Amino acid sequence: MSGIFYDVLADPFLQMWQMPDFFIQVLWEGFVSGILYALIALGFVLIFKASGIFNFAQGIMVVFSGLTLVGLHALGVPAFVALIITLGVMYVLAYLVERLVLRNLVNQPDIILFMATIGLTNILIGGGQWIFGGETKSMITAELMIPTGSSVWEPGGGIVIFQHIDIAAALIAAMLIVGLALFFSKTKVGRALRAVADDHQASLSVGISLNQIWVITWFAAGIVALVAGIMWGARSDVSFSLQIIALKALPVLVLGGFTSVPGAIVGGLIIGIGEKLFEIYWGPLFGSGVEGWFAYVIALVFLLFRPQGLFGEKIIERV
Amino acid sequence: MFYREAGQFKTSYKQYMQAFPIREDRIGIAIWLAIALFYVPFFGLPGLEYTFAMNAIMIPVVIFTITAIGLNILVGFTGQISLGTGAFMGVGAYACYKLTTYFPDVNIIIIILASGFVSAAVGAMFGLPSLRIKGFYLVVATLAAQFFLEWCFIRVEWLYNYNPSGAIEVPQREVFGLIVTGAAAEPATRYLMVLGFLILLTIIAGNLVRGRVGRGWMMIRDMDIAAELIGVRPLRTKLSAFAVSSYYCGVSGALMVFVWLGAAEVESFDVNHSFLYLFMVIFGGLGSITGSYMGAAFIWTFPILMKEMGKRLFDIDPIIMENVSLVAIGALIVFILIKEPHGLARLWQLVKQKLRIWPFAH
Amino acid sequence: METGKYADIALQSIPAYLRHNAKRLGDAPAFREKEFGVWQTWTWSQVEKIVTDFALGLMDIGVKEGDFVAIIGRNRPALYWSMMSVQMVGAVPVPLYQDAVAEEMGYVLGHCGARFVIADDQEQVDKVLEIQGNLPDLQQMIYIDPRGLRKYDHSKLHHFKSMQETGSLASEEAKAELERRIAELNFDTVCVMLYTSGTTGRPKGVVLSNRNIVISSLNSCKFDNLTDKEEILSYLPIAWVGDFIFSFGQAAVVGLRVNCPESRETVSADLREIGPSYYFAPPRIFEAMLTAVVLRIEDTGAFKQRLYKYFMDHASKVGGPLLDGKSVGFWDRLKYRLGEFFIYAPLKNTLGLSRVRVGYTAGEAIGPEIFDFFRSLGINLKQLYGQTEASVFITVQPDGEVRSDTVGIPAPDTEVRIGENGEVYYRSPGAFVEYYKNPESTAETKDGEGWVATGDAGFIEEGTGHLRIIDRAKDVGKLSNGAMFAPKYVENKLKFFPNILEAVVFGAGRDHCVAFINIDLNAVGNWAERNNIAYSSYQELSGHPKVLDMVQEHVETVNRSVAEDAMLAGCQIHRFLVLHKELDADDGEMTRTRKVRRKIIGEKFGDLVSALYDGSQQIYTETEVTYEDGRKGKITATLEIRDAALANANSALAAE
Amino acid sequence: MKDTTQGYVAEDGRHIGGVMMEMKNITLRFGGVVAITDVSFDIREGEIRAIIGPNGAGKSSMLNVINGFYHPQEGEVWFRGKKRPSMPPYEIAEQGIARTFQNIALFKGMTTIENVMTGRQLMMKKNFLWQLLRLGPALDEEVKHRRRCEEIIDFLEIQAIRNTPVGSLPYGLQKRVELARALAMEPKLLLLDEPMAGMNVEEKEDMSRFILDVNDQYGTTIALIEHDMSVVMDLADRVVVLDYGKQLADGTPDEVQKNQAVIDAYLGVEH
């Protein structure tokens, strides 16, 4: 057996079988980037659920929060103080967005709001570069007491390396998700947020104004962005090219559905693991670099068969 | 104020269906055309150095106006959002490059027009999912096109004739004995060439959007279910919008590389450019050809003028000004969406309306 | 007269002119009508074909020479053509007011014994059907617009189009017969019969011959150099002599281009589109335009208001003189040019008057500030004085001799004299033949030498030779102390205030004058809005004390102005009230041309008149009204009566 | 079995033709919810047919079935003597069925005339090349259809709003524009979804007049749904009454009004 069928259908699996340690390593790498995709997607979902806005700026918020943190530290602010100030900045950002943008665009079509968030993206890019400069920066990993180094696992003679940063990333992400879940189910504000997602009128009965809800969700999305920014920054570096990578949250959303938190996580993992596997085992057939588009094409194919996403409900069109 | 419409009555539908039924509008257009054709090529823009005015402003603005018209057909007239514009322009550029390689003797104008068809075909292909998916989901589909095509521009070496630099370098070509492409081409010649394309493509776009085809697009945009119940076939209509839009993008991409840049790498077609074009369309006005002109001119010249002004007046570092103008454009986008979601075109319409009923207010 | 003496007489009937035009102007536009969104255009040759075919169709259903054929509807080409066709077959067209109620229509149809009716649409057809029982002479009806008429019994009902088709298939004998009939038309054939609404009593049928119409039209066209390039908008009732002369007589003899609006609601929009070069409107339309301009300017920002005021002030200074060709200083001229660009031209454009070369107003006295406003913009607006019996023209203002307080010099070929009682008499080629079936009235109005009494009192101004009209001759009465009583003169002065829509002055045989005032809902309503005066109805607004204060001020201003003229000083208004309802033609209080019927009003509101004279401060009254749909109802009100301050007359005569 | 070829004579003397469309035992479900249960009736050439019922009676669903937008789980739709397979909406439009919508589905970005022109979309055939040149045949075609649309605009007396963007029109006029758009399709069967909902008395009268005029002038078969019984009684030749998805009665307005089940269903619900 030879030719294209062999290359596509048999050889990659054979490789996986022959080098299980490498396969596990690839899976792990994919898992970690999947977690990060999921985090970014989570930010989208939070905002979309609460306000129906497709927040294109979520990706840049990741970069912006990371930059702010690093930038503050570079100015001599101690790491954890900088972290708290950055949280404050994200709150101010959420507040300003609500005040200056959302409030003025209530009842506009979704597409207008979407485009407004593209405008917001521009502001954050320009503003970020203006204040912190456009060059690549390293994350203050050690200062934030994020473990570095690595552990090695040797299953059956092979070798699998686990970066401590990655483990930390996975754990923090998991904690954040659990935290958010608790926030939504246990706190009054969280329950109100869920109510709003179903019915905008409901918020009034809970006694929280829609405007407050928006600030809270945008702030929550900001926190998620900050965590993603730190973790991602620690793995690679903080730079504006991250923004393009952050766009991969979109295919994640397509897979998981725009309003589903579990969907975002599952989608993130599928994309993260899938694209690593594809890049390593099938990529050479195309000449590498397929990571750039794999996620989108998968999402596209997926869309054609299940437009509502993995966890979405079937849409009944009405006249 | 300038309008004298009394006595301009229409005795046939053809008169009504002209592009500019009001005499004063026709005069206005004629004046603009005269400036564009007889003043700019010889004198550039007032207050700016000639070569700079042509190379950095006029030529790209004309080219991007074609892009903006194309994107507007898709986004503004048909309501399908696209973030793949940059890549579709790339398809046009690479197609043009390959065609000149294979047909070195064919007139470059014909080649550029033909390369649009390649782009149209690719655009229609990526438009296929639009039948099943709508809105934000479509954004993902067009991003897929963007990133996949970007990847192709790097990995498929055949596209750039296996040039080790990975870039396409434009050969010199002549039209009517005048050099129009390559470093030796005069700015005025290149400007007039792209302007010629713009005028032709504007007329065609104007014709399309006023007729059956354009109505089909707008029906889909405004209310797709009703459109279907009236007999519009959604697939055919959407694909035609994707194809026409991509044709415009393809032609403008080919012009961009061949007549303006002279050489190009994949960066010229990346997703950031796609955003830029989308801004032009939003800012100028969704669903307006006039708006595409205004949007392209504004979004392109604004940062340049900011930089120039910053340098000349306050001696500010151009990089800072670039960031300032990014923020400014972002803020302007938000502002215009809040104040007038239909962009500059609508503002112009309001002004025009005021002028028509001057001295009254309404 | 320089013009006149039967300018270029060649042809003796309108159908003859139609043929002449078809030859001379062939493919030039003759009629336009806005329909289906565009101005449908017919050339003179097309019109000739349609009119001839329809005439054959008329013969086919039995129209005979001398028959009366009623024409009812709004201004549309098909109705003008119908009149031509009717004339072709030797019958007499009788245009009627389209908004006349069925019984008014019934009287006219019965009086002339119309055998045929050509109606615009279902509404008019229904009206005639309603009264056909009382019309033994009526035989067939023809309609233009088939909408809603499909299910009607078509044994006596025909569609204009289908008759035209029948006509086009007519036999050679029929065609020859038509030619014979056309050939027999001459100056003495009756051209049209127009019913005058008459300020009192039943309408009278004024018979006008081809001589009347053709010569009047020719003379007047020559007077103003009207040519076949002129665009006119036909929007005034087709039954009114003015429209008949402008849209039919003048249109036929020189080939004016007649444009008919899309519907009544779109007249002002259509006016803007067409931009006529020759325009006629009664004073109330100019007044409404000015009111609208003033109100719309008030809605603009401070800058535009100042700009407007600045240039309009300048225009009122030099606009008139410039139009009259008088010499004006260079700087003033330059400033006027600037104003032309910023204000005058755009204003004329929005009003649709940009291209007006000759404009006329007549029928009522026009407020001087209204008249001057339009002239200062550079619109050549002039006045004429005329009536149905004169085929319109008695006196006209030549270019360069235009004033708001005169009505001009005698029209070409027209002689004017003032009778002993001050009444104006004229003799002209346009003077009517007779009142149909009414020899007494004819004899009362027209003497053996052809002099016609206008019924108006006036005098010829010394030096200029211009005629000035005071009032209806019979309305010029005497107060019980013998002083002159000219109610209309006073009423007009009152009506020049934009806030006052109508005024009715009483005083004949009494020792002083009193008045009813009708406020203008538009103007006063706007005024109320600006001054935060709340009101829920016309009645409430008209009774508001502040409104009364305002009206009182106007009345007292008029008193001062009236007192300046010693002869009329007795006409000052001592007491007045503001009526609780608008005077309305449907209630018989006004004529269809919106002239007040003083006598009828005096009788109908007798209680109010006596209250005005008995010194009471308020009066309760009940009034019967007719609603738009024809139902009748009753409204009640308690009206306040005010005393107005009187001015001292400045001559010894009045002081007695 | 009803005679499907012979027509009948309506109250006002109009001759009503044979069966145009027949619904046979239609049942429609959404998931577990049953919207329509075993409903059967026919629509005849040239008649004005009303489907009435209180809110939630399944009228709109029924209209969507006639319209081919919903495909019933059980039952058959027969159109002009043929059983109609399920087909995409645009093919239904090609068969000559036009409709208006309860919640007005005008093209908000266009003016009145442009909206009406969309109704001619199916009849415009000139290809893309002519379209982009907008010359010769394409322009002639455009003019021809524009003229037809203007006639409809004239017919519905909306000349004054010809060039107004529809979004800024009052509700009643929007309804009229929608009717104009449907008429521009020159449909054989016109479906009106609550044509008078939300209108004041005067607007209702106008709309009734237009519906009658359309039927009279163009001979269009009309099926309309309406929840207000009084409106329908003067308008319709025959009425089907639905309640909770079930058919209560079918007959002339007089018959239906006397039907006890109908009276019961309407008592306490309306009026």
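Per-chain residue numbering starts at 1, and chain names A, B, C and D are given in the order in which the chains are listed.
Heads up, the rule we're going with is that contacts are C-beta pairs under 8 Å (C-beta built on N, C-alpha and C of every residue); 3 or more make two chains touch, one makes a residue touch a chain.
What you see is a predicted model; the values in this text were computed from it and never measured.
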Report which of B-C and A-B is connected by more C-beta pairs in contact. A-B
Relative to subunit C, which chain has the most distant C-alpha mean position? A
Using CA atom averages as chain centres, what separation in Å is found between subunit B and subunit C? 58
Taking each chain's centre as the mean of its CA atoms, how far is subunit A from subunit B in angstrom? 33
Please work out the Cα centroid separation of subunit B and subunit D, and write it as a whole number of Å. 42
Centroid from C-alpha atoms only, then distance subunit A to subunit D, rounded to Å. What do you get? 49
In subunit C, residues with contacts to at least two other chains: 37-38
Which subunit D residues reach two or more other chains? 67, 69, 101, 105, 146-147, 150
Could you list the positions in subunit A whose residues touch two or more of the other chains? 319
Interface with subunit B, subunit D side, in the complex: residues 67, 69, 88-90, 92-94, 98-99, 101, 105-110, 114, 117-119, 121-122, 124, 126, 128, 131-134, 138-139, 142-143, 146-147, 150, 181, 185
Under the stated contact criterion, what part of subunit B meets subunit D in this complex? 12-14, 16-17, 204, 207-208, 210-213, 215-216, 218-219, 221-223, 225-234, 240, 287
Contact footprint of subunit B on subunit C as seen in their complex: 29, 32, 37-41, 231, 259, 272-275, 296-297, 299-301, 304, 307-308, 341-343, 345-355
For subunit A, which residues are in contact with subunit B within the complex? 54, 100-101, 104-105, 108, 110-112, 114-116, 118-127, 129-130, 134, 244, 247, 250-251, 253-254, 258, 286-290, 292-293, 296-297, 299-300, 303-304, 307, 317, 319
Seen from subunit C, its contact residues with subunit D in the complex are 35-38, 147-148, 150-151, 262-263, 265-266
